[in-house]
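Order as written gives the chain letters A, B, C and D; numbering starts at 1 within each chain.
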Amino acid sequence: MPISILPVCYLIASVTFIIGLKMLSKPSTARTGNLIAAAGMVVAIFATIFLYKYNGKSLGNYTWIFSAMIIGCIIGVLVAKKVKMTAMPELVSFFNGMGGACAALISIVEFDYLYREYRTVGSLFSDVAPLGHYLAIIAGTIIGSISFIGSMIAWGKLAGKFKDYAFKGQHLFNTIILILVLAAAVFTYFSKTENANIYFFATVALALLYGVFFVLPIGGADMPVVISLLNSFTGVAAACGGFLYDNKAMLTGGILVGAAGTLLTILMCRAMNRSLMNVLLGSFGGNAKAAAATKDVHGNIKEISVSDAAMLMAYAKKVMIVPGYGLAVAQAQHTCHELEKALEEKGVEVKYAIHPVAGRMPGHMNVLLAEADVSYEKLLEMGEANEEMKSTDVAFILGANDVVNPAAKNDPSSPIYGMPILEVELAKQVIVNKRSMKPGYAGIENQLFYQPNTSMLFGDAKKVLQELLGELKNT
Amino acid sequence: MPISILPVCYLIASVTFIIGLKMLSKPSTARTGNLIAAAGMVVAIFATIFLYKYNGKSLGNYTWIFSAMIIGCIIGVLVAKKVKMTAMPELVSFFNGMGGACAALISIVEFDYLYREYRTVGSLFSDVAPLGHYLAIIAGTIIGSISFIGSMIAWGKLAGKFKDYAFKGQHLFNTIILILVLAAAVFTYFSKTENANIYFFATVALALLYGVFFVLPIGGADMPVVISLLNSFTGVAAACGGFLYDNKAMLTGGILVGAAGTLLTILMCRAMNRSLMNVLLGSFGGNAKAAAATKDVHGNIKEISVSDAAMLMAYAKKVMIVPGYGLAVAQAQHTCHELEKALEEKGVEVKYAIHPVAGRMPGHMNVLLAEADVSYEKLLEMGEANEEMKSTDVAFILGANDVVNPAAKNDPSSPIYGMPILEVELAKQVIVNKRSMKPGYAGIENQLFYQPNTSMLFGDAKKVLQELLGELKNT
Amino acid sequence: MQSIIDFLHENIEMFYIVILMIFLGIEIIGRVPSVLHTPLMSGANAIHGVVIIGAIIVMGKAESGNYTALVLGFLAVVLGTLNVVGGFVVTDRMLEMFRKKKK
Amino acid sequence: MQSIIDFLHENIEMFYIVILMIFLGIEIIGRVPSVLHTPLMSGANAIHGVVIIGAIIVMGKAESGNYTALVLGFLAVVLGTLNVVGGFVVTDRMLEMFRKKKK
């Protein structure tokens, strides 16, 4: 019996995955955790290449393997290094799709082996192919395909290539396709060996179709949640590979990601005060529009000129900037940092109030402001920020909307009711910058804009910030 | 191949252990968690009795098994139900010792089987006995024996049956015995088969000896920590049994407790601001005495009469009672509750400030006061209590000492430096009840007693409380 | 060295289970508040009473002439039961007390 | 039913590993602050790139005449590598940004 240290290498890899993921969930250790998991991955990969034996033989085709790996490496590093920080979520989606496709391809090749072996037997496929083996293959194929195509669509949506697309009876249609996928999978198993491949490819095609219609109707802004879900799908697909090859590294790594990814998806939804079902079925948007229509918001808005706003801030003791999605869209983070510096030169204390789900991905504002070199101490978390709000003279809201909507606190009929918000109305003065009176992501009106101590400063965030800067320089 | 659902039952048991332990670590779910784990245990036990097969045969000796189980049940329930709440830690220790003994006995019987089988072979024991099997047996024997005897001694100490006992060179002596234990274990394996049993029993005897000298020198008050450590030992011993019988329920249950127990031990030490090493080597007491000798504490103490103390409390707006070990020793919890009621009748607000390591076991004060029916809302955790301390008129310290010692905050040379304490000196008046000026558990002086707003009220806690009650009734 | 690798190789699944269990034991306990230390210790103590399975096996397969196995096995089952039953009952009693205070 | 039990029986260790891993995955993630959601998702994404092992095996055991296996295997290795390498690099880049702010 040829005994090797391969299983030990896999054990090491599994342990690094666990430790790495654990460290990734704490800010202070996250980066090291990522490196540890990567090191374990390297061990697992090279151990497989050099130590893996099937039927007593080593692996061949080294040229193919290495050239494929080099190609993958070069593209991967280039893409990962080049992409803009704000395009991170779509990049994760892209890589996730690659993993899903990889899992699907493996399963397809393995099915092909089975098919070639039994094609000419002339009996039922189920008589010759072992069930466990087949289950691992078909699960890997289906889940991998859905994950692949779904991730690609999510990527396209975030990159602005696709629009949301929904039609009436969407859910019913999706359910039917899903049933067809499963039916095709069962048919494959119980078909004559010589035409098992037809049903199999029908399964693949249907799974791809399902993936498309699964992701297409979900709102573009919900993509981070969908990506996280598809991420855990790919984990499960990888685990299927682990069953197929009795490979513990694949099994543990896959299941770990599958479980952690599912929980992470739920946590993400919870941070937005929504349920996963709600995100997937997209009923949020629908409700919200209805709510916005019935609920009428009272009062008049008050506009403020750029020069008045500049004055107000220049003579304030403390200004709290509340960044939101609009700031990211306008790419105004650098100008914002300059405004901060200009105000500080005038002796004004400037802080940022960061809501956990401001923007369109978790940590969006942190990443954005970090990119503009805003110092870490100036970023307040929601709790801290709300405490300091009372002693704030001017709360300056830059392209944020839902995260400062008081309806979350005092209107039980609002779809965002219960979500913790930044209580900017506690500040002495509130200046809101946005381009129009249009609602934000949740599609609902915001009573804040009509409050007596709120003034609106309409315009694109970047343009307004530049004008404010100009005014400040002149005074 | 006789296939049964036994492994499934074991899988269920393992899962209940995990879920149970998880729920046990949250106050709201703890009780249910305990029941879930117990249910899993019942499944595992009965599945073993009725479904276990060895060499294709079912188990026999049902009469023996059931009568043993009934005896164990009756004694177990009686003891567990009868014992006083304050004697909990020693009871846990006792049951832990039983588990350790059980693991050791199993291993001894299994060794006996091996010995009987190979006794007459005439070769080296190592030639015939498989190493993995032997390792599981010997580890189970050694760890089980140490856990058994250690727990018994811890039990005896807490029940007041043994005194602490240490001699010079104790650590060296212990190390030597430990080496001898391991040497005997190795000798057993490499001895002639016919006298393997002699070395084996030498191993058992030495392990027992080690257990005795391991626990004897550790201070009685440190027993909760030792018990927790021995608890995790028994877990490991059970896991050895799991290896021996290739039994997943024993393996997972044992390892789970082994790992969790070890961490729990460390957490317990941390709550007292000490390291595990420090507890085991007992250097704490030594240091402390030295520190107490060198460090001189300044000032005079001020005594207060019972009637003055009663006046002070009766006319206060808020009284904070700080219970400690002395209250438990004096069994004064009920009288304390009466004092609380008497004060409340006079319109005084009474709260309790609970330090996490007050007393001699974690949660000691909670258990004690719960026994006396003190309502839950009155018990403040350390953080809350410290916040309310400023608005407290009288802090009444009942048999506590170390947990209110300001040296933990302001004397870096103190052995308890860094331990979070109850900041009673913030209260307007401090009344300290203890019997003498003797130090508490850590053996160090307490500057608090010499502070201008502190008055001492000497006497046994119960007696003093009764006198206070009498005074309050008269006014 | 080789024999260690052999051993690992044959029992690799066991090792996985052991290692995962260690991680799990540590993770699960990580957040326990100190008030629960004693009940948790007691509950864990009851769980390692699973060693009684071993005692039952020893007892059940003992042949009728083998008095060592019979007597020691009997003792082991008694002690193991004590551990399990006493452990769970005492934990429940402790926790009942905690619960009572809650309301 | 019987065949399910058979299957469970034969793969009981695998099931243990799967179940323990699920618990572990959930426990480990439980306390993550929301700022770390994106990097954590990205890191987890890199970890499931372990599927590349399967691709390597497929590729390595493909016989020289079997073009399906060779071509699909090659593609699988490329995509798998992309997942692994891209995943870890992009996570590192994100986290670098977080770290920079710290000081």
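Convention: contacts are C-beta pairs under 8 Å (C-beta built on N, C-alpha and C of every residue); 3 or more make two chains touch, one makes a residue touch a chain.
Keep in mind that what you see is a predicted model, and the values were worked out from it rather than measured.
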Task = Identify the chain pair with more contacting C-beta pairs: B-D or A-D.
result = A-D
Query = Centre to centre, by mean C-alpha position, how many angstrom separate chain B and chain D?
reply = 42
Message = As a quick test, compute the distance in whole Å between the mean CA positions of chain C and chain D.
response = 33
Message = Rounded to a whole Å, what is the gap between the Cα centroids of chain A and chain B?
response = 46
Task = Could you grab the centroid distance between chain A and chain D? Build each centroid from C-alpha atoms only and quote it in angstrom.
result = 17
Message = Residues of chain D that contact two or more other chains, please.
response = 13-14, 16-17, 20-21, 23-24, 27-28, 31
Remark   = Where chain B touches two or more other chains simultaneously, the residues are 18, 22, 248, 252
Request  = Pick one for the touching-chains graph, please: line, ring, star, complete, other.
outcome  = other
Request  = Write out the stretch or stretches of chain D touching chain B in their complex.
outcome  = 2, 5-6, 8-9, 12-13, 15-16, 19-20, 23, 27
Ask   = Along chain B, where are the residues that touch chain C in the complex?
value = 13, 17-18, 20-22, 24-27, 30-31, 33-35, 37-38, 41, 44-45, 48-49, 52, 54, 57-62, 64-65, 68-69, 71-73, 75-77, 79-81, 83, 85, 88-89, 91-92, 94-96, 98-99, 101-103, 105-106, 108-110, 112-113, 131-132, 224, 227-228, 231-232, 234-235, 237-239, 241, 243-245, 247-261, 263-264, 267-268, 271, 356-357, 361-364, 366-367, 370-371, 374-376, 379
Query = Within the complex, which stretch of chain C touches chain D?
reply = 13-14, 16-17, 20-21, 23-24, 27-28, 31
Note = In their shared complex, chain D is touched by residues of chain B numbered 3, 5, 7-8, 11, 14-15, 18, 22, 248, 252
Request  = Would you tell me which residues of chain C are touching chain B in their complex?
outcome  = 3, 7, 11, 14, 17-18, 21-26, 28-62, 64, 68-70, 72-103
